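Here the chain labels run A, B, C and D in written order, and each chain numbers its own residues starting at 1.
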Amino acid sequence: MTQAESILVIGAGIAGMKASLMLAGPARKVYLVERLPIIGGKTIKNEESFPNMECSTCMVAPIQQAVLQNPHIETLTYSAVESIEGSAGDFSVSVRIKARYVSLEACIGCGMCFEVCPVTLPNEWEESLIEKKAIYVPCSGSLPNVPVIDSERCLKLNGTEECNLCVESCAFEAINLEDEDRLLELKVGALILATGSETFDLSALPGLGYGALPGVYSPMEFERLFASNGPTMGEITLRGSGAVPDRVAIVHCAGREEQGYCSGICCMYSFKFVRFLKHKLPDVQVFNIHSDVCVPGKNYEDFFRSVNGGDTEMLFTSSIADVHVSGTDSGLRVAYPDGGGVTADLEVDMVILAAAIIPAPLTARLAELAGVELDDSGFIRTSLDGSGSMETSRAGIFTAGTVEGPKDIQSTVIQAESAAGQVAFLMSSMADLTERDPSGKSVKS
Amino acid sequence: MSETGTGKTEMTARVGVYLCECGPNIAGKIDLDKVMADILSESDRYRNVELVIRRYGFLCSGPGKQYLEDEIKENGLTHLVVAACSPRDHDSTFMGVCARTDLNPYLYRIVNIREQCSWVITDPEEATERAATYIRGSISRVLRQSSLFEKPLEINPDAVVIGGGAAGMEAALALSSDLRRVFLVEKSASLGGGCGITMPQEKAVIEDPNVDIYLETQMSSVIGFLGNFEIGLKSADGKDEEITAGAIILAIGSDYSDPQESGRISFSESDEVHILAEAERTLEAAGDLKLRDGTMPETIAVVHCVGREEQGYCSGVCCSSSLKLAAAIRRLSPETAVTSVYRDLCLPGADGENVLRMARESGVELIRTKGTSLSGMELDLEKMDGTSEKRSFDMIIPAAAIVPAADTVSLAEMLRIPLDEHGFFKEAHRMTDPAGTTTEGVFIAGTAHGPMSVMSSMRFARACAGQVLTRLVPGERIVPEVKVTEILEAYCTGCGNCLDVCVYGAIYADTDRGISVVNEAVCRGCGNCFASCPSGALRTRHFTNEQIFREVDEALR
Amino acid sequence: MNSIVMKQDASTAIRELLAYLLSSSRVDAVLTMRQVPETGSCDLGLITDPSGMVEAEPFLPVMTANAGQALSSISMSGKRIAAVLKPCELRGFTERVKREQGSFDNLLTISSICGGVFPLEKVISGDLEKLVPRYIEKTARAEAPRGLRETCKACEEFVPMNADISVSVTEHGSLMHLHSDRAEEYTEGFEGERIEARADQSHIDRMMKSRSAAKGKLFQSLEKSSGLDGLVDLFGKCVGCHGCSRVCPICYCQHCDFESINFDYNQPYFQESLEARGALRLPPDTILFQLGRLTHMSFSCVGCGMCSDVCPVSIPVAGIFKKTGERTAGLFDYVPGRDSEEPIPVMVFKEEELGDIG
Amino acid sequence: MAAVLPVGSDLSGAMNRFLKTILEKDIVDAVLMPMKVPSGDSFAWIIMSDSSIVDDAEAMAPVMPVQGARALRSLTRKGEGSIRVLALMRPCEIRAAIELSKLGQVKTENLILAAYDCPGAVPMDSFVSDPSSGEDLFRKMLAGEDVSAGEVKPSCTSCVEFSMTDADLHFGHFGLGGTEVLLIPGSPKGMEILEALELPADRETSIWDEAVRKRREKQVASRDAAFEETGENIRGVQGMLNVFADCISCRNCRAACPICYCRLCHFESETAKQDPNSRLDSAVTRGGISLPADRMLFHTGRMTHMSLSCVSCGQCSDACPADIPVAQVFSFVADRTQKAFEYSAGRNDGDPLPLRSFMKSELSGIHEMVSDAEPGGHAHE
């Protein structure tokens, strides 16, 4: 049985990066595959992460740099896994590296090509709050800081016209419009699935007015609104009117009833939003409409109490599913059953919906590819033997992070370290099988 | 080598200064030719130094690195200054280039003329002048740097796990192999720890040939660092033993708060009040919960969030274990009415929802209150709609908060790791390194880190195991920090100032010689001791005062 | 020898020369004694602005610190310096240059036939106003004023050796003798009548006579405390503060061995000494320090007298070191500071010295 | 309560005999006392194990050439203190020794620190120039007669800690007319010695207490007057510059100070040495500088390092060749810094050194600052 000495990690968020850094070494190569053109995952979309309120990019950038500069990690951005065959210790995986049309070596990220590109389209990384060009980097501060061309919308690549503006603008001949996808066949000993999660699609809840009413925001939209490298450079201004909100309501547990579980982190990021609002707009009035407050663990209650003092009014509702948001001529009205079941309403300018955490759309496809079971909620199933193991239902394939269920950054990192440990153990015990130490005693140097 | 009059040979230094254009980022703002001329014009300031000064497009690119390597070899450079971007980006890149030549990587210095110069200074002249000052400062500094050599150390891959509960056993199983021995040290007479129910791993741990179990034993002393700890063990019958290991995992679990600690809860010995953990144990052992007089209670109340106010945190697990207990009682004796009184239901994740559904289906009465107080056997409930109601029950089960274990403080002192504001071991970083501590090689698993569920405890244990498995690889050696502090024996008087301020416990007193000594394998080069020494007896390598002041002198000229 | 006649008194003339050197930027800084008019306190000044010359007192008969010691690191800076040095300070500096502690490369040395200096306590007690006028008058007549430092009264090396410029003040007037090309080059534009003249030899001979006599008396007085008892008698009261070594121009070590860990003892050592001798002095080795210092530097002692000035228990250190120094240097017929190329005796050996060993 | 030591002809002789008996009875291995040097014009600390040598020693020396704590420092700094030594010193020397024990320089396990009521000391330079009149002066001071303040060491005129300190054994003789000495035990070690000599500690000490109280009142008054004057002299930067104008940087004050235990002083290490180029640059910018340089940096710097442990023993003034009132300035400042930290140097009450420990309350100012910015927090404007 041939023994592959390398590992495949799918997803370059904080879980994938931590696991890769722990496993990469002279004796063991790590392939890190990431769907997006940049690494960093969801964490770098938040300006600050709770409970430390530490600047997320300052916390994650050193990890990103370590990954990019580690000679034993081959980072394959803008790529996707297409097939996974074999068994523990001997998987063969095919990876499609999509054409980026910009050379990772030559480009220095000067951004001259963005200005000249005639095509603009919504930037999904920024929750479409801002536009981007056909040749783009998702956000400023992207790592690797090399753009990619959207082949459907580029006039040259979709055959509309012979446009060559970006190529001419590039002083470093980094743009090659004849670039093609590449297929990579990898031999790996183990896999770690760390592809993260998604927030609940709030348009499926018409009662809360998301999509219809411009003043209603999803959590990721508000994160990008507050981000200093975001669409509004961190200024909190309402869509359309551009006005600064005076009264903001944060509605908890949006999608909890539909998903059938509490995601455990929405209360915390809602209170973080209160800190954001009070930081930028000191006189703003903030209301949290909530049922249960879920702030478990030693670090979170202090954070909740620091907000619960004067910064926000906690409004309890006996049934979070019956909260209703409607438009008025001056703004928005939120109607909710109070503690005694009587409907109360609240006039506000802005509503932020604390959406539940759900499996990412591609998780099901990935599970099918990897031949691993999902749990009832659509997350990857682990701990089948009741222990803390991060192994999936298929031997040799492990998982870590929110792809396995909603969790905070601390638990994500803990799962990444556990998965990395199990992979290291598996690989060394594999090596054990082939070169067992004759005396059987543990080799102590 | 140049011969001086009195027959003494004096080393001529050849300093290479390379300015990176970095496309428009640097060359666009700074007039590099003027900078080069400026520096060359003052080269007589340095005695016995020849300056080699060049500019190049992209020093960090492949060809750029090759160019630097050739330049070092061809010019026989003794020192290298690279004026480019932030050390965070390419310090290790250029040290790698030096490593490929025979120029010691510590006789090199990177000067940030991008983030700290061209990107932030609008006026080009000022930026150019500032860049020249930075580079002159670095030349003066690099001339006073000395070569440093990495000293790889052999490591002992074995691990010591303190605490035989769920987390401890999980860590032991995750770590033990033919290549790595695990010493599982448990204070009490049996494994299983505080969670009251027999764990499946217990049998596996006892049968594992690579796990040595020490019952009724505590850790009495520890010195050393990652890869080389010497640990003293003391057993209850006074036997002392010394073992060596490469890592220590603290899995000492936690205790429960005293319910009466909160002002609003008071009951006497005779009242039928049993804390949740106790009730769980009796239920699992006896199969049911009887009153002291042997009869079955008709009404039971489980009170959540007891101690949350006083401890300042929600323990996060009492809701699910309380409701599981309530549902179990209902199943075992349907005629007993069970009421759960709570403030917030903390049931994250899918299994949290299942527990809630199970409790409701088995007929547990759920009452949410703003606050609940207990005197004797009577509860006073402040309902959400503002009304309040007094109800008495045959048995009351308060869910007490999880608090730090008793010997947390003594262990923390022994291992020189700090405690957090609630008294648990303080993690290295709440988000990016929750299992590590400030002492490299010491990890925290389970409720010793803070309140968490049994599953999270086991996950924490495997995370600690992961750190050990990936950092202490049998046969591989670790390279400790090179830029450490050294104490000059000639000058040290052993007054112990530095001993007090060393966070990592890297300095010890050598009373025979009357001086303090740095254990260079433990030292992390933070420089605290260097600042605390009243005399000039300490020196942090690569950051000596001489180097820093000469750089500052240049900047102030 | 090419000389310049000084119209006014020597101090004013040299003050003008220094101001000229600064304003014509021949030099970047000058080193000279200064006296602050209001407080009367004197110090050694490194002056870079010509206007600072008003406080300069180049020939003030005071030595707050040996200028050779103060000058050494400054002379290594690569900047051009002009320094007014008494002969023993210049010789002290020369000895330091031999130990890589200074450099003549960018230095213009101005010295003078030295009438000696007053001890520190006379400067502190404020009687300088009274003493200085009489001092000037007497030295001009080659007579020795009263109250000088012991080693100054007995100093026979009062004529400057290898200075760039030396000043001689006699009844007939004061002259500035230019000994080196650098002196010629630096004083080129400085107006002043140039004549061919040497220092008045008779003036020098008369000073030498009184100085030799004083030296004989000084050494005679120290002779009676010789041998081991004499040593304990002289240095018995030394408190081990090492002040003498700190102000000595020849002691250049960054960290004196007698202050290092080598002279720290643990209890077994004390126990043995107590068993052997029944009693022991604490702190130990105060007399050993004096002997050690004598062996390390006495052959280079220039007899400037700074050590006696700072000794808190008034031990005549300078006299003892000058007497011992002259004997040890004499073995190698070496005069400390006479010539910067002459190697330090103990650092080199000559073939024939190995005769009896071979 | 205390035991009594009868005094024959003279006080010092009685104490000598007491120490000799302790040595003869092997209660201690050695005693440390001052002894006149052969040239007769100074004293030195001698450690004696041979009891016959004690006769040549003098329990109470008129002058303090070497601070007692400096002698103890050289004895016990290195290794374990295995020799059992009784050291008889002035109160300020004992307090300096206790201060040094907190800095690891004096190990007190096997030391018995004994002190006596100190009438003050004769200045070093006047004693060396005329030893006999120095000894007469000291005899008068011992007998309690008034002597003109100018003749006594300046620091001793404003010394308020001249009697009982935290010593193990104290020889109290003030107010007893020189006929007897009270042996006051200050610690179990002191008691052991009295028990070993079967001297009952049954004498009450009211007369002695009263004499000490009255003398302290007088001393406090003269100290406050001295502080008043010193405070005026060193007012403002110019005040300090004037007081230290004659300093020639010979560092005798640091060498004489018992608390300055550093082998290489920070102000002589590479840290404080300026590169010749930058030294000249500063000379250019200021038009001229005084050499040897950094005179005031040394004095103010030394003050910051040791002020909290200063026991006002006056050695620095005694050793200064330029007669600068260093001790008056340093004790004036030490009085205030030690009050600021509620710490008094030389006490054995378990008080840790202020700069090596902190009280929660002291962090109040800092605490607010820290809690605003979360650990690792980033203010994003």
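The criterion applied here is as follows: a residue touches a chain if its C-beta (ideal position, glycine included) is under 8 Å from a C-beta of that chain, and two chains touch if they have at least 3 such contacts.
Keep in mind the model is a prediction, meaning the values are calculated, not measured.
S.K.: If you tally contacting C-beta pairs, which comes out ahead, B-D or B-C? Let me know.
M.R.: The greater number of contacts lies at B-D.
S.K.: Find the most central chain, measuring centrality by the gap between its CA centroid and the centroid of all protein CA atoms shown.
M.R.: B
S.K.: Please identify the chain with the largest separation between its CA centroid and the CA centroid of chain D.
M.R.: Farthest chain from chain D, going by C-alpha centroids: A.
S.K.: Could you give the separation in Å between the centres of chain A and chain D, each centre being the mean of its C-alpha atoms?
M.R.: 68
S.K.: Taking each chain's centre as the mean of its CA atoms, how far is chain B from chain C in angstrom?
M.R.: 61
S.K.: Per the centroid of Cα atoms for each chain, what is the distance between chain B and chain D, given in Å?
M.R.: 46
S.K.: Roughly how far is chain A from chain B, going centre to centre by Cα mean, in whole Å?
M.R.: About 25 Å separates the centre of chain A from that of chain B.
S.K.: Touching at least two other chains at once: which residues of chain C meet that condition?
M.R.: 78, 255, 260-261, 264, 266
S.K.: Would you mind listing the residues of chain D that make contact with two or more other chains?
M.R.: 77-80, 263-264, 268, 277, 376
S.K.: Which positions in chain A touch two or more other chains at once?
M.R.: Only 51-52, 54, 59 qualify.
S.K.: What residues of chain A sit close enough to touch chain B in their complex?
M.R.: Answer in residue numbers: 14, 18, 22-23, 25, 27, 49, 51-52, 54, 59, 61-63, 65, 69, 105, 108, 110, 171-172, 260-264, 292-302, 305, 316, 318, 339-341, 375-377, 379, 383, 386-390, 405-406, 409-411, 413-415, 417-422, 424-425, 428-429, 432, 436-437, 440-445.
S.K.: State the interface residues of chain D toward chain B in the complex, per the touch definition above.
M.R.: The contact residues of chain D facing chain B are 77-80, 103-105, 261-266, 268-271, 274-275, 277-278, 281, 305, 356, 376.
S.K.: Could you please specify the touching residues of chain D with respect to chain C in the complex?
M.R.: Touch residues, chain D against chain C: 29-30, 32, 37-39, 41-42, 44-50, 52-53, 65-66, 70-83, 124-125, 128-129, 242, 245-246, 248-252, 255-256, 263-264, 268, 273, 276-277, 279-280, 283-284, 287-292, 318-323.
S.K.: Residues of chain B touching chain D in their complex?
M.R.: On the chain B side, the touching residues are 45, 429, 490-497, 500, 509, 511-514, 533-537, 544-546, 549-550, 553, 556-557.
S.K.: Where on chain C does chain B make contact in their complex?
M.R.: 78, 255, 260-261, 264, 266
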